Amino acid sequence: MNKAVGRQHRAGRLFIYGCLLLVAVYYLVPLFVMIMTSLKPLDEIRTGSLLGLPLNPTLEAWRVAWGSACTGVSCEGLKGYFWNSVFMVVPAVVISTMIGAFNGYVLTQWRFRGSDVLFGALLLGCFIPFQVVLLPMARTLGFLGISGSVAGLVFVHVIYGVAFTTLFFRNFYVNIPRELTNAARIDGAGFWLIFFRIVLPLSPPIIVVSVIWQFTQIWNDFLFGVVYSAGNQQPITVALNNLVNTSTGVKQYNVDMAAAIIAALPTLVVYVVSGKYFVRGLTAGSVKG
Amino acid sequence: MRKLASAAMVAVMSVCLITGVKAGEVEVLHWWTSGGEARSAAELKRLLEAKGHTWKDFAVAGGGGESAMTVLKSRVVSGKPPTAAQIKGPSIQEWGDEGVLATLDEVAKQGGWDELLPAVVANVMKYKGSYVAVPVNVHRVNWMWVNPDIFKKAGAKIPTTWDEFIVAAEKIKAAGYIPVAHGGQAWQDSTTFESVVLGIGGADFYRKAFVDLEPSALNSPTMIQAFDVLRKIKHYTDKDAPGRDWNLATAMVINGKAAMQFMGDWAKGEFTAAGKKPGVDYECVAAPGTAGSFTFNIDSFVMFDVGAGSSQEAQMALAATIMEPEFQEVFNLNKGSIPARLNMPRDKFDSCAHTSMDEFVASAKTATLVPSMAHGMSTFSSVQGAIYDVVTKFYNDDKMPAEKAAETLAAAVKDAR
Amino acid sequence: MPVSHSKTFFKDLASAAALERLLPKLVMAPTFVVTLVFIYGFIFWNAWLSFSSSRMLPRMDWAGFTQYVRLFSNDRWWVAAENLAIFGGLFIVLCMAIGLFLAILLDQQVRLEGAIRTVYLYPMALSFIVTGTAWKWLLNPGLGIEKLVRDLGFENFTFDWLVDPEKAIYTVVIAGVWQSSGFVMALFLAGLRGIDDTIIKAAQVDGASLPSIYWRIVIPSLRPVFFSALIILSHIAIKSFDLVMALTGGGPGYASDVPATFMYAFSFTRGQIGLGAASAMMMLAAVVAIIVPFLYSELRRGRNE
């Protein structure tokens, strides 16, 4: 390799890593503050610098947040609420992602008259402020007999998530050459066969995006969770909110921060695990057949 | 043998008749989810369960009950209201208008509530003459929390009028301390402002302005003067105040950074948590010009109509339990407030609470007992919100003249009614 | 639409062919019904409310345009609307620019890609109920960045946007970009990964430089991703509620109020549902005015291709 090109290359790499690192700092500072705070005893937070390292690091706040912080009249921390959220999030994410994939497939490969208008209407609709929905939806859920149940929450999350999953898949599938599916049709493949044999194998990156989005939105949702869940089925965000909020009590910042990080762990796990499906070449490989 | 059996049956039946308890379930919507408040709510749960009923917790914290109100409205709309919900002040009347509340007159008669409760408190709990709500506590809002150490070092005297306040604040500032610890949030701005209005205009003026909402009082020279004082107070706060939580402002007084804070008696919890003693490490005094007056903020539970049957039994038991001295004492010791019912043993309470109790009774006699505007005791939430907007706008916009603020206040209140 | 003669399924059934033809529409049908009822039905319901005198609970009477008149004479509403314009514009542009930039950098066979990607994405995972507190501390002049830099010896350094009514909304932009740009990065990364490698390699063989390949070939082919990102970001911007509540609470005063917090406050906290409904209608009207042209051009373009 030419020496000058090599140097240029190295400078380029340096630039890339420099930028990535610099931005990473911006992203990490708040997390740093949160972790440091969660490791300090309350006295140190009250008197010391917020950005400083803990003088007497302790995991006490994490223990309290997990097992003994009050979230109402019961003081058992966040641990009991984890599964509530899981039972709500998993079906809601799976169903809404599936529907989104089917919709995106129809909207790009099987267009019919009015399909674009339908898509447009769907997108426009997702701008409806959720606060508008609360009361009529409460009445609807009461009417359907699923108010205050996990099923009701899943229902609501699927309804208001489909617009986005459809958007993701539609805009990804638009780039799949029509010749590919047309050729399959000439070969006699039907609607589902083409989807499962040709379209779905191309989809991992966008499935990851869709799952990340839906999982995060639903896991972190507070408004629907608090309004449509019954007492002992409240999702973890509601518990977190109860834990950190106090109208006239003493604020325990270390416990708050630990609890926030605990509540976010499943989402982080999803990010790490799903990340490997971002690998390049999947698409190119399949397109080339 | 047969006789014995029937005697036993009679005995069992009579026990049932005497106690008349059918175990029921109560679902209680509240926002006491942390620390002392949660412990207090748990105490209520324990007392109720001792009577054989079950408690289904429905805790929704956030924004002083804002989230809980949203949830409550959805639940009522979906046709499944909770048994009881934490609602206070004139909002009780709004819910009464919707026709969804249960009446507690029978329990009230049995418990003699009319004798136990001061008339001012009882009136808030009634809708069209019937009890629909139960009070748990009385907060005093017009407190000033003082760090006596700083006053001593600055050679200043704890002010009893707003003129003295300016003198003292100047000295404290000159000595290098922050005179007033403040958190720049709309409700805190208004909490300070209502103490100023009370201190300058007196109880009658306060009532005309914030209870009767008379335009002639809202847009008056007295109100303009109050706005001017509010701006002076701002002058004595630090520049990092906007957005600060009230408890951090209290911490400034505790840590000796700031000399005073205007805040209700829940601030006491922060002092206690930091191991400080009233009269030694800190002082609780009435805000300048408001000695002898009492701005009250009463927390209460409203009971919803849940139909007849076991849940109604449980509901009535809940109402009775809340009024019991045992609960009122434990709850208020935890929360820094004083019991809503009169003639309670007071030896467990501290000196600040004693002052509060005395002034509560005294002010009721001299008609200087007024509802807190900033805490939703004097108006509907729409009007309260409109006042908040004007006060906080004025507080944060140094270019807005006090005359303009008073004028806007009268207009905004009229618009929101 | 071509009729498919499936050899594997339903070969002999005439009705099966009809079913196959109907299938795409059948698949879309649930979405259609749900959209009609739970989105447009509710929008209609809200529109009705905005013409009623509803206060604490919905009441279906007729009050004409009273609520709109009150809304337009409310100073706070105009502050909120202006803030949304500032916040929305900056937020969308910055997120897109940073997201695209990071995605391109990450797409250069970077080592530790997985770790770096997770670092960029994690802010989305955290509930703003609490991260708001961390940001509040960082941006607070007496506690956070300003104090830190001053302690390092730069005595005159000031960064007090959080407590300045004129600038508070920009701190919301900082925290908002922090939270959302990582996801935009993921969107662009997915798009980049969907592009056929051979095109880039062919261009490289032709001697085109990397930046020009991206500028001329790669970025234009990401058009649908830009569209997705725009929709997602404007959705976040318009609905940003937690962000503002946790960071500034709409303050100082109501200087950083946005329509979503305005609407929530009036509908639920202040018992003025009618006024809240009117503000929601104005938000929707603004969305229609801004998004529909984009939508139209994007969908028409898709059809012509």
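Letters are used for the chains, namely A, B and C, taken in the order the chains are written, and counting of residues starts over at 1 for each.
Here is the rule we use: contacts are C-beta pairs under 8 Å (C-beta built on N, C-alpha and C of every residue); 3 or more make two chains touch, one makes a residue touch a chain.
From a predicted model like this one, the values you see are computed outputs, not experimental measurements.
**Student:** With respect to inter-chain C-beta contacts, which pair, A-B or A-C, contains the greater number?
**Tutor:** A-C
**Student:** Based on CA centres, what chain would you say lies at the far end from chain C?
**Tutor:** Farthest chain from chain C, going by C-alpha centroids: B.
**Student:** Centroid from C-alpha atoms only, then distance chain A to chain B, rounded to Å. What do you get?
**Tutor:** That pair's centroid distance is 39 Å.
**Student:** Between chain A and chain C, what is the separation of their C-alpha centroids in Å?
**Tutor:** It comes to 14 Å between the two C-alpha centres.
**Student:** Spell out, as numbers or ranges, the residues of chain C touching 2 or more other chains.
**Tutor:** Within chain C, residues 58, 143, 264, 268 contact more than one other chain.
**Student:** Residue numbers in chain A touching 2 or more other chains?
**Tutor:** 135, 241, 244-245
**Student:** Could you say which residues in chain B touch two or more other chains, in rising order?
**Tutor:** Residue numbers touching two or more other chains: 63, 70, 73, 77.
**Student:** Name, in rising order, each residue of chain C that touches chain B in their complex.
**Tutor:** The contact residues of chain C facing chain B are 55-58, 70, 73, 75-76, 136, 140-143, 160, 162-163, 165, 168, 245, 247-255, 264-266, 268-272.
**Student:** Please name which positions on chain B make contact with chain C in the complex.
**Tutor:** The touching residues are 63, 66, 69-70, 73, 76-77, 91, 94-95, 98, 184-186, 238-244, 380-382, 384-385, 389, 392-393, 395-397, 415-416.
**Student:** Residue numbers of chain B touching chain A in their complex, please.
**Tutor:** So the residues of chain B in touch with chain A come to 27, 31-39, 41-42, 44-45, 55-65, 67, 70-71, 73-75, 77-80, 245, 247, 251, 255, 264, 266, 269-270, 273-274, 335-336.
**Student:** Quick one: which bits of chain C touch chain A in the complex? Just the residue numbers, please.
**Tutor:** Within the complex, chain C touches chain A at residues 1-2, 4-9, 20, 23-25, 27-28, 30-32, 34-35, 38-43, 45-46, 58, 98, 101-102, 105-108, 110, 114, 116-127, 129-131, 133-135, 137-138, 143-144, 147-148, 178, 182-183, 186-187, 189-191, 193-198, 210, 221, 224-225, 227-228, 231-232, 234-235, 238-239, 242, 260, 263-264, 267-268, 276-277, 280, 283-284, 287-288, 291-292, 295-296, 299, 302-303.
**Student:** Which residues of chain A touch chain B once you look at their complex with the stated criterion?
**Tutor:** That would be residues 46-47, 69-75, 134-135, 138-139, 141-142, 147-148, 223, 226-228, 231-232, 238, 241-252 of chain A.
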